[in-house]
Structure formats: structure tokens, C-alpha cells
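Each chain carries a letter (A, B, C and D) given by its place in the written order, and its residues are counted from 1.
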């Protein structure tokens, strides 16, 4: 999987660092997730429907919805922190407001408040069916800022 | 994957329904997750380390930790609801208290309060390294009770 | 305390029911809280600085900020439910993003998704100092819909 | 109001600092809240029923339940941090699992994980009616550690 090219005004060195980090997340790669840098403090992640993301009724699994929202909020924060720093998830809370029914899951992450040590971010998750987006989850999250660590090979 | 046999006093028809539901969760199967029914209102889920569950530093991904905790709380509730009813996740909140470093991730779910329409559950997630369990996350969750739906084939 | 008159298109019977309910909340009355119905699914609550709302540094107490946000989300939902139904808080999660420093605390509640049994709402809380509003908290909440109960005298 | 004397092994200088901080929380004093230091990392706060803590049905207000839980978790953390340091609430999440019906509200706070910068704590809140405690809320919280600041006079 090749991460999407940024279409919004995120500096090149930031974009490279963010995409490189994302490409090293085995969990996102296993789901063929694609990252789009929307703007500083905003990203979008898309995952196609497949067996590996389903719950018992064949819908997107609530845990997958949560994982995607968590990543979207975290990478939204990373667009403001990288390349020198990055963030770890301290906690997140997600409301599933509709079943994740559709062919694609889209999580849009956004930074609400960027502090020195903590970043508060959020994400909205949409399920796309027949080209129509339907809101299926709302997430709120606290991230902890750390110096950037080398990723694994 | 074959779900573990229950070792605790969960009735056979409940155990069958819970294991059948779990075995139809593509997300859990993709990670080779194993469910153990500990007791009424309590379950354990284990997932081995593998590329598909990692974040950029090679640890268990926060979203995977959340997904496992969400499933553990949900199936803990299902041991009290199935076979006639089941539950959907309304929301969950998880604190990651340590990096998920190790060879196995264990989520232990437990029901705190079982109401008629809503169940409040929780889970603790441990990362096991060299045989030593270390707490890595604490989750609190609200589940919505529904009549049991047929799962997908 | 007399609740403010609604300035937005909330039906009169809804407005009367909401204001009557709010006026029976001893906790809100003790803080001289004022409710403003902004629109269907949206309310604002204001509380003036006073000893009874402070923490140890003389700022608005985090618990007060949470209580106000909880009420704002709940009454935002009530504008869609009353007069026949009302809601109880199932849970809420709040991030305090800045200290509550100022002379007035404003919580603006908004419904994100109104289901038959559950309503998901949110609130933003601002502290006003020298006429300038500063975001101090973001709240996300799940409410449970019930038939309307008579309030206490 | 005089804070209760600690009955558990909390060092005297810690106990003094914690009680002094609590006594400066106008919000807790206005409700005649009493703090009991149970042990290192554990406290209890009690509030008697009164008009200033009610919602529209005359029960303990959900926001008051949240405020008490928030304080209980925070002071549980402070028993490990004071006198040199203290904590601010970064965020909390609370499930109301039963109406707050009774003559006394008791919040018991406990530290789950004390890190260098962040502390994760929780609280259980009980309503006492006719001498019987009933669980009414469960709270999970993230606190941010800071050097101790002087309180207001």
C-alpha cells in the first residue's frame, strides 16, 4: 500500500514523516488503510470492507471503527508535531451512533486543542454505502506528546 | 480457529451461542483471537503478536487494544444475554496506561451493571512479555441490548 | 431565578416544559444558572463566578464545568423530546482543555444524533474573561430516553 | 466544615496538604462535602442530600455525581503527589448506572496507574438510603501532574 499524496497545505517534511509513520503501522496496512492529509491538524483514513474488519453481522466491527478513529485523531495531531515530535494515545472515547454498514469506512480526524504536553483531538467516522456517507461514530481523544522515536523496520 | 471450551459455570446453550457469535467476527478471526468464558459476566480474549496488530514502533496498536477491550466487554455482557438477546456497543472509553509490548495481548471483560436496556461493562488489557502480565489499558463501556439477530454465514 | 425566554424556533409547549424542568433542578438554581433555548437541539447555560463553583485556585471547578456541560447536553436533547418524553444521562466524557478562569461560564449543548432510545449529544464550555470567550472544555454524552416523569415540587 | 482525620497510613504532611487543598474548593464546601483519606491512593468524599445538589426529580444531579467522582479521583491522586506536586483533571468519563436516590452520596476514588506526567484514576459513587449503599456511578479519569501551586485565600 502506498499512502496518498497530501492535497492540502501540510509542509513536505511533515507529510513525509507522517506518511512514513503510517506506513509502519502493521494494523493499518493489514486492513489496506489509506491516509490522506487534509490540512494541518486534519487527516482522513479510509478502509475498504473485507472479512478482516467485520463483526458477527458482517458490518464494520466496533473495534475497527474505534481503531480507525484513534488513528485519525492521532495522525491529525502528528501533522502538527512531526517531524521532531509525535504523540501516543493516552485515552479515547467513542460513540457508535449507527451500524457500520457499507463498502468503505472513512474516519476524519481533527485537532481541537494542541497543548505543549497534551493534544485533544476528535474524529467522525462515516460508512459509505452506494456512494452515500452516513455518520456511524464520534470520537474524542487525549494524546500525549513525546520526542519522535525511530520506528521499526 | 476454534474457540476455547468454557471452564466456568456458563450454561451450555449460552456458551454455544457466545462462541458461535465470536467465531463469526471476522475482525477477531483475522487476528487469531481466542475467547475464554471465565464465568457469567466475565470473559477473556487473547491475541498473539503479529504484524497485523502493530503500530509504528512494533508494539500492539492502541486501536487493536481498544478493539479487544470492546469485544471483551461485549462478550462479557453476552454471557448474560444470550441466546435470546445480544448487545451492541453504544460507546466505550479506554485509557492506554502502558505501551503494549509483548508476545500476547489479553483482554479481560467484566459486567459492572446489567440493566434491562443498557449494560455497563469494563475490561482490563494486559500485555504478556516473558510470561509476565503488565496492565496496559483500562476500558469502560455502555452496551445496548437487542433481540438476537442471525449472524452472517 | 427566571429562565430566559427562548429566542429561537423552539415550540412554545416545548419551551415551557424545558424551562419548567430546568427551574426544578436545585443544583442549577443554587448556582444561579440561566438557560437559553438557542434552537431545536441546541441550548446554552450560563453560570456566574461565585465561591460555590470554585476549585482550590479560585477557578471554576472541573466538576462544575462537567455538571454544566452535562446539563447543556441533556437539555439540548430535551428540546427534541419534551413535553411527552425526557432523558436521563447514561454517561458523559469531558476534556478540560484550559483552566476555567473568568467571570462567567457558558456551556453550549448540541444534539449529534437523536435515536429512539438513545441520544448522543455534546457540549462546549467557555470561560468568559473581560468579555472574551475561551474554550475550556469539550464534552460527549449518551442520554437515555424515558417517558416524562412529574418533577418534584 | 472540618475535613475528617485520616484513618489510614497517609503521611502527616501529605494529609495536611490534601485537607488544606480540599478545604479551599468552594464547590465542595458549598455542598458541605467531607473528605476522608482512606489510604495512599484512595479517598472517600461524602455529600448530604440538600436542595443544592438535586435534579428535577429531587435525586442527586448527574453533574453533582460527576463533580464528586472527579474530586474523589483527583484527591486520590493527590495523596501520592502532595505536598510537592498536585494534579489537574485532563478528562473524565462517568457512567450513571442508577438514579442517585438517598440521603447521602459517597464517592470513593482510587488510583489505577500513577505515571510521571499522567495519573489514571477511577471512582465509584454510591447513594445511601436507609443505611444501604447502592452503586450509582462509575468514573474513569486522566489527571495531569503539575508542581503544587499556592491556593487562593
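One rule holds in what follows: a contact is a pair of C-beta atoms (placed from the backbone, for glycine too) under 8 Å apart; a residue touches a chain by one contact, two chains touch by 3 or more.
Since the model is a prediction, treat every value here as computed from it, not as a measurement.
For the pair subunit A and subunit B, chains touching both partners: C, D. Taking each chain's centre as the mean of its CA atoms, D is the chain most distant from subunit A. Two copies of one chain, subunit A and subunit D, form a contact in which over half of the residue numbers belong to both partners. Chain centres here are Cα averages; for subunit B and subunit D they lie 31 Å apart. Centres computed as Cα averages put subunit A at a distance of 35 Å from subunit D. Put simply, the C-alpha centre of subunit C and that of subunit D have 22 angstrom between them. Under the contact definition stated at the top, the residues of subunit D that touch 2 or more other chains are 90-91, 93, 95, 120, 142.
Interface residues of subunit B, counted against subunit A in their complex, comprise 21-22, 24-30, 50-58, 61-64, 66-68, 70-71, 74, 88-96, 99, 149, 151-152.
Those residues of subunit B that touch subunit C in the shared complex are 90-91, 93, 117-118, 120, 142, 144.
Residue ranges of subunit C in contact with subunit A, taken from their complex: 93, 95, 97-98, 112-113, 115, 120, 122, 135, 138, 140, 142.
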